[in-house]
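Some structures are shown below for you to check.
Two complexes follow with subunit A in common, the first pairing it with subunit B and the second with subunit C.
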Partner chain A sequence: MDLSKLSPKQLLEIDACTRCGECLRFCPIYSQKGEEGINPRGKIQVMKKFIRGQYGLWAKLFGPKKLSEEDVKKFSEMVYHCTLCGECGLQCPVSIDSRSLWLGLKEVLVDLGHYPKNIGLMKNNVLSRYNISGEDNDLRVEWLEAMEGLPDHKYQKERAEVVYFIGCVAAYFPMAHKIPQSFVKILDRTGVDFTLLGGAEWCCGFPLIGGGFRKETQELIRHNIEGVKAKGAHSIIFSCPSCYHTWHENYHTDLKLFDSTQFILNLIREGKIQFEEKKIRVTYHDPCDLGRASGIYEAPRTILRSMPGVEFIELANHGERCKCCGGGGLLEMVDPELSAALAREKIKEIQATGAELVITSCQQCVRTILSTARRMKIPLKISYITEFVLKHMR
Partner chain B sequence: MEIEGYLFPDDLYYHKEHFWARVEGNTVTVGTTDFAQKSAGDIVFVELPSIGKTLEQGKPCGSLESGKWVGRVYAPVSGKVESSNEELEDSPELINESPYEKGWMFKVSPSNLQEDLKNLMRVDALGDFIKSEVERVKKTKE
Partner chain C sequence: MDKHTIFYAMFIPSMLLFFLGMWFRLSLYLRGTLEGAEEATQWEKLRILLSRGWRGFWKRPDWYIRILIMDVIFHRKLFGQSLYRWLAHTLLVFGFVATFIVDMIKGFTTGYLVEWSHSVPFFSFAHAFEKGGIRPFLDFFLEFFSFLILVGCVLAMIRRFFIRPDQLRTEEEDIVTLFFILYLVLSGFLIEGYRIAHPEVVANRVYMANFTPQSANNWVSFFGYFLSLFMKGITINPHFLWYAHVIPCLVWFVYIPHSKLLHIFTSSVTVIADRAKQKPHKRDR
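Let's turn to the complex of A and B:
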């Protein structure tokens, strides 16, 4: 077992886990499965056992223990049954940065060849077609074809101050097409000098990092930075919080990065967006990659509170405590039933607010919550924040 | 008529991408087949062409989504979109529940109907095609 994928800090964190079990209270997977292995504490304990067997006193005296295929397989199931929601790390009394640790463990497992088949298929799509769906990458802006009154440049200009980075899910999954469709309309109406990258936009690399293939992301990162710089842009805006977070953490660039909510809030403050009064009661779901991973909680709330007629009600678990919808961490590829079970819990929490509409800032949350509600035949209404803003704009 | 356990009404024309066309006067109603909806599973989203859009036979004009599966909607005939089934926006499951009636997708004012119909299949010619499609879908699921 090659531990070079883990930093010295992460090795210390594994050792520092006191098995207090505080993480169990917050882990959405544990709340569904109730298994000791498939939870943060269980994963760390198994890893600790592996490390001792390979590098501990016993290993020094008698040589490293041979890793059993069965044990590694079971460990892989534990590690990949995770939404990467990061709530365990936030609640950990000894401050283990668990989200980063789970990604490191996936890298160790990829090295051992133990990862789910679907994750491998997704990796091949990203590396060969530069998107998660395996479609032709030039179809990344196919959603534009459903729009009317497009300018001649179809928002793909030679140069612009700002690049709007769409992300694979909004580009290829029809349920999320309204997100870029509404966002480009807002940008157009407020006079922002922006462009799309079209087929030159490649996957940001998040699915590879989330699957344990971090080292495979270098070409994607280089290509995307060059693509943005070739447009002469100084800023990038994202409607996908996973893309936003991945750029922030892994791209090491001097370009200014904005999530859609931050950018819209700036437009409101500059007086470029004004709203009509429309009475509606809404709630807001914090996406894991925007909230806990990126620390953006206030921008979407400030937008909603600035809209006349909008009555905003918080979910019972909100902000740092917001529960994952089930769509995070590639769980849907590994265990769709478990992902749907988490979404069902989220839907119950939304219904309990009495809100007419739930708003969020993540395309994957929209897809997970809406598709589960439709399978349950619940008439729940969900809107990405750009759709909601556009509908209310004067 | 039932073929391989899937229902195909006798009065419709069928496109090889599994969309049907019902001709009523100068209007063609379009939807997807029982075979397609069962193969796709629970349809959770449908994106339809907007009213007034010009369609070309055999070209994509919308999309369907069911969980992790995404498929395109193909126009079985050329023409201009007259109307679309607005109920599908909030209730896409109507395609699963009633693919030939309540789950209709859009209506077209055809521009080249007689020629287009020659490229579509009637139910009596569907047998071998559906059998081969059943096999193809089975293989992709393996």
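Let's turn to the complex of A and C:
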């Protein structure tokens, strides 16, 4: 086992876990499965056992213990059964940065060749076609075809001040097409000098990092930064929180990064967006990658509160405590049933608020919640925040 | 051989083993890759990390000290999660830290400064720490802080073995750790009780120097005094009692790097590192 996949801090964190179990109460996977082997504490303990067997005092004296295929396979299942929601780290009394640690453990597992088959297929798609769906990357802006009144440049200008980075899910999944469609309309109507990268936009690398292939993201990062710079842009806007988070954490760039909610809020403050009064009762779901991972909680709430006629109700678990919808951490690829079970919990929580509509700022959350609600034949209405803003704009 | 010599003969190798164990753990962590220094050797990584820590500390020393006190020793986060756990943990941590500090003051003043005062008159103030007015207070605080450890340990045991919250999973290591602490504290108090119950032990200087006036034992060594009430009729070899306390204490030190107790150091690092990093929520404001 190659420990160089982890940082010194992460190796120290494995020893810092006191097995207090505080994380268990908040782990969405544990709440569904109830298995010790699949919760944050269990993962750390197994890794600790592996390290001791390979590098401990006993191993120094008598040689390292061989890792059994069975044990590593089981460990791989534990590590990949995670939404990367990061709530365990937030609640950890000794503040272990668990989200980063889980990503590090995935890198260790990739190095050992133990990762789910679907993750491998996704990796091949991203590295060969530059998107998660494996389709032609020029189809990334196919959703534009359904829009009326497109300008000649089809929002793909030679140069612009701002680049709108769409992200793979919004680009390739029809259920999420309304997100970029509504956002480009907002940008257009408010006179923002923006452009899309079109087929030159490559996957941000988040799925690779989430799958344990961090090293493979370098080419994607370099290409995307060059693409944005070639447009002469100084800022990038994201409607995908995972792309936003990945750029923040892994792209070392001087470009200004905005989540769509932050950008819309600025437009509201500048008086470029004004709303009509429409009475509606809504609630808001904090996406893990926008909330806990990126710390953006207030921007979407301020937008909703600034809309006349909108009655905003918080979910029982909101903000830092917001529960994952089940769509995070590639869980859907590994265990779709478990992902749907988490979505069902989320739907129950939404229904309990009595809201007519749930709003969120993540295309993956929209997709996960909506598809589960449809399967359950629940008439749940969900809207991405840009769609909601556009509908209410004067 | 006097107890000082015997103590140091055991203490020095124990400390060596402790530091060896700590280095063993540290060298394991240094196998990890340091961002921006991917090709660095273990020693280079150590140098980089120490220099980052040193520079970081001196940028805002007051902030780091505040975090050490509030978030590490007094574990502010745990306070928000469970008052019971916080109390048990804080009594243990604060008890150990405070006992260590008072013991260091006591050892340094009576062991070194008093000795040096014979040649450097400036240090003659140290006599107040040995036989003067400060001594009873030093002894009292040592007793009091050790008592806090005992209370913290008992609270932790009640939670683990009787309250048994669902989230808790007790393993061998947890049992060993808690009983080890309980044994160390209780054996210390038992020696004290025996010394108070048997004045000849002090007169014969069986233990290291003790200058607490007999009349002050009831408040200076309040728990030892309480135990002494039950020990008057009991005769045990006082040397055996001493070894039965000191040897496990030293074994405990050697055991730290290889046990759950290592989190005393590791979780201090994780907490400080967490507070020091820029929190994402700042982006929102």
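As a convention for this text, the second predicted complex is superposed on the first by the 394 of 394 C-alpha atoms of A that agree within 3 Å, B and C clash if a C-alpha of one lies under 4 Å from a C-alpha of the other, contacts with A are read in each partner's own complex, and residues count from 1 in each chain.
The working rule: a contact is a pair of C-beta atoms (placed from the backbone, for glycine too) under 8 Å apart; a residue touches a chain by one contact, two chains touch by 3 or more.
All values derive from a computational prediction rather than experimental measurement.
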First (subunit B), second (subunit C), both or neither touched by A:332: first
First (subunit B), second (subunit C), both or neither touched by A:360: neither
Partner chain in contact with A:125 - subunit B first, subunit C second, else both or neither: neither
Which of subunit B and subunit C A:146 touches, first, second, both or neither: first
Subunit B versus subunit C as contact partner of A:173, first or second or both or neither: first
Subunit B versus subunit C as contact partner of A:299, first or second or both or neither: second
Touched partner set for A:375, first subunit B, second subunit C, both or neither: first
Overlap of the subunit B and subunit C footprints on subunit A, listed as residue numbers: none
Complex contact set, residues of subunit A against subunit B: 133, 146, 148, 172-175, 177, 332-333, 336, 370-371, 374-375, 377, 379
Subunit C - residues contacting subunit A, complex: 24-25, 28-35, 45, 49, 75, 77-78, 81, 85, 165-169, 171, 174, 258, 260, 262-263, 266-267, 269-271, 273-275, 279-285
Subunit B to subunit A touching residues, read off their complex: 42, 44-47, 49-50, 62-65, 67-68, 70, 90, 92-93
Residue numbers on subunit A that touch subunit C, as the complex places them: 3-13, 15-22, 24-25, 36, 41, 51, 55, 57, 60, 91, 93-97, 292-299
